[in-house]
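Reviewing the structure listed below.
Chains here go by letter, A, B, C and D, matching the order in which they are written, and residues are numbered from 1 within each.
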C-alpha cells in the first residue's frame, strides 16, 4: 500500500515539473524513497510523462537493483541514489534541464542570493558543483555526479539548501518528499530567471544582508516559522 | 453586505495576479480596505489561490487585529497596513514577486520613464526604496518595509505613482480599489519587461520629455482626462 | 453592408493582436478604411477587446468627425487618420505596445535587417521616427505622431515598409486591410524579439546582402512573387 | 499506402513544430522521403498549418518535379532536396524560423557545446553556414542554401549533427524521419535559448570536456546506447 502511494507521488512530481514547463519531451525525472523499506521509486527511462502509469515507476533498492518493474530506470538513477544515501533526511529528488537554471549550470555561475524570493527557500546562494574530471566521467559517471553534489554540500545542511547546479549539466533538487523536490525545482527555475535579469541590470549586484536572509528563511523554516496556517 | 463585497473583490484581485502570471505558487497577496469600517481584507497566509473562499479572506483592523477569520493573514499584512494608514486615498494594495519587476528590485535600479506605456500610469520613474538596516529587518520587519515605501514617496502623490520596488524584495502597488492595485501590478510587470529590453538595447536611454509624460499621464488621469468612455 | 463588413474586419484585427499577445488590457487599437465612402472604422477608447460588438466600432470621416457610434474613438484616432490621408494605398492601421517592438521604440533604435524573416516583409530596416518637440506634443499630439511617421517614410513606398517604431512610444503598422496591418504588427513583434537576441549575441551584426533582401522581399511581393498558392 | 502514411507523417511533423511554438503563421515547413520510391512529401507553400490535409501535401521526385498535388510545394523545396540527395541516410527535413535559433543564425554565431542537453543530441557545436555570395543568391538560391549546408557538414556524419544554422536565415534540421527532424528542430530551439542565456552570464564559457560530450552523445546514440526502453 505504501509503495503504491509512493509510486503515485512520484508520478505526480513528474507531472508537476512538466506542467510548470521545466521539461522538454523526456528531459527530466523525479524520484521518491520509502526509507523504512529502503526502496526508491523513479521514472522509467525515456517514457513520455503523459503516459506514466504507477506500475511503470521503477522500484530499486539503494544499490540500484531493480526490485519491481519491467522497465529500465532513468539513466540518472545512480545520481539520485547517491543523494538518498548521503542525505538521510530527504524523501525525494528531482532533476530537470529547466532553461534558466541550466543556463547558470552551463555558465558555471552560482545564483547569488540577491532577493527575498531566494532567501525564502535557499539559505544563501545556489551553488555550482566542481566539474568532473575525464576519469570521473568515463567511469561511474552518474554516481560521480552525485558525489560532486555531495562534496559541494559538505558542511551544509541539505534542508537549508534544497538544490544545486551541476556544472555543464543542470539542476538537481531535493526535499522531504518527491512533491517538495519538484516544488524546489520550480522555484529554482524562477530564481534563475530573475537572476539572469538582475545580473543584466546590475552586474555588480550586492547580495542581501545576512539579517534579511535570516528573516526570510527562518520565517518559513525551522522552529520559529510563522508562514502558512 | 459591504464586507462580503470587499472580500469578493479581494479574491478577484488575488485571482487576477495569478491569471496574469505574476504569481508562482503562493508568492503574492492582494488586500482591500473598507475605510468607513476601518477594516482591511487580506489573503490568508500560504493558502493556494485557486481554493480561496470569501470566508477565508482575513479581516483585520488598521492595527492588524484579526476581527474575522480562523486563518492567519498574509505575512506581509503589516506592510499593507502601513500603506493604508499613510496613504488615506488608496483602497487596495498588491504585493507580488513578478519576474521582471523583482529583477529591478533585486538590481536596486529604478525603472526609468522612457516610454508612453509607463507615462500612461506612472508620472515618472518607478522608484526603488532604500535598503533596510539590519535593525529594521530584525525588529518589525514587515512594518519597516511599509515605512521604507512611505519614506520613498515623501512629497509625492500616491495617485501619481501607484507602486514602487522594495529593494531586494519586489513590487508593491496600490490604487483606488483592490482591482486597481492588481491592474497596476500587471502593468508594472510589463513596464519592467520592456525596460530590461530597452536598457539592453540602449544602456544610456534618454527619458521621455516632460511634455510627453504630461500628455500621456494627464490624458488618462485627473480633471482633463479624455481616455475611455 | 460594406460598412458592416468593415466593422467586422476591424473587430477581427483587434482580436488578432490580442490572441497573439501583443496587447495588455486595452493597450492597442486597429482600424480599417472604406476608401469609396471615405469612412474609417476604429476601436472605441478603453473598451475591453473581448466585449467588442460591431455597432461599437466607431465610424468617422477622414477629418475625425464621428458619423456613427455613441462611443468615443480610440485616443490614437488622429494618428490613424494622418496615415490614411498620406498613404492612399493602405486599408488598415494597427497600433500596439507589443513588448519587444516597444523596447526598440523606447531605445530609439531601428531594427536592422539582419535576417530573411525581416526581408520577407520589410524591404530593409524597421525605422524609428524622430522624437517630437515639446510644441508638437502639447498641440495636436496624436496628429503630429502621424506626421512624424509620414516624414520618416518620405521617399519610401509604404508597401515596402509596412510599419515603423514611434520613438518613446511603440509600433504602428499598416497594410492593404485591417487584417494585413494586424499581421504586420504580429510579424514586427517577432522581428523585434529576434533582433534583441541577435544584438545581444553580436552587437556588430552585419545586415543581409542587398541581393538576399531583394530575393526574399520580391519572392513574396510585387509582380514576380512566387510564394503561396 | 506507404505514400499515404508518409503524407500523414509529414502533416504530423508540420503540426509538431507549430504546437511547440517554433512557427509563426506559415514560417516553416517539414518534409519526409520515401527512399524506395524516390519521392519527397513536403508542405505546400503558404497554406495555414491548421488546415493541412493529406492530399495537399505535395509529392515531388528528387529533382523537384511535382508528381502529385495541385498545390505548389514550399518555396524551400530545393533546399530540402539537396539535403536528401547528399545525406542518403536521412528521412526527414524541417526548416523553421524559431526565435532563438534564428537569432544565432542572424548573429552568425555557432552554438557552443557547453551543456549535456546539447551533447545528448549534437556531437559538438551547432555550426553556422558560410554566407552565400550575391551570385549564389541571385541564381538557384534555395538549392545553393542546401549546398552551403552540405559544405558546412563536409567530413562530418549528418547523424552526429542533425541540424545547422543557415547564416542570416534560420535553422534546418533532419533525422531518420520527418518526426525526428521535427524533434531536432524543437531541441535546437531550446539549446539556442539556453545558449543565449549562458553567453549572457558567461561570455567566455568553456565547452564541455570531450569525455562528457562522448558520454552523453553515446549514451543516446550508436551501438552502446543505454537510454530509453
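Everything that follows uses one rule, which is that contacts are C-beta pairs under 8 Å (C-beta built on N, C-alpha and C of every residue); 3 or more make two chains touch, one makes a residue touch a chain.
The structure presented is a predicted model; accordingly, all values stated were derived computationally and were not measured.
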| item | value |
| --- | --- |
| Shared chain contacts [chain C and chain D, defined touch] | none |
| Intersection of contact partners for chain A and chain B | none |
| Homomeric contact chain A-chain D: same or different residue positions, threshold half | different |
| Fitting chain B to chain C on CA atoms, where both chains share a sequence, rotation angle to nearest 5 degrees | 90 |
| Chain whose Cα centroid lies at the greatest distance from that of chain B | D |
| Chain A-chain D separation of Cα centroids, rounded to whole Å | 33 |
| Approximate Å spacing (C-alpha centroids) for the pair chain A, chain C | 46 |
| Sites on chain B at which at least two other chains make contact | 200 |
| Pairs of chains in contact (touch as defined earlier), listed by label | A-B, A-D, B-C, C-D |
| Of chain D, residues touching chain A in the complex | 114-117, 183, 186-187, 190, 193-195, 197-202, 205-206, 208-212, 215, 219, 226-229 |
| In the complex, chain A residues that touch chain D | 24-25, 27, 44-47, 71-72, 75, 97, 99-100, 102-109, 131-132, 134, 137-138, 141, 168-170, 196, 199-200 |
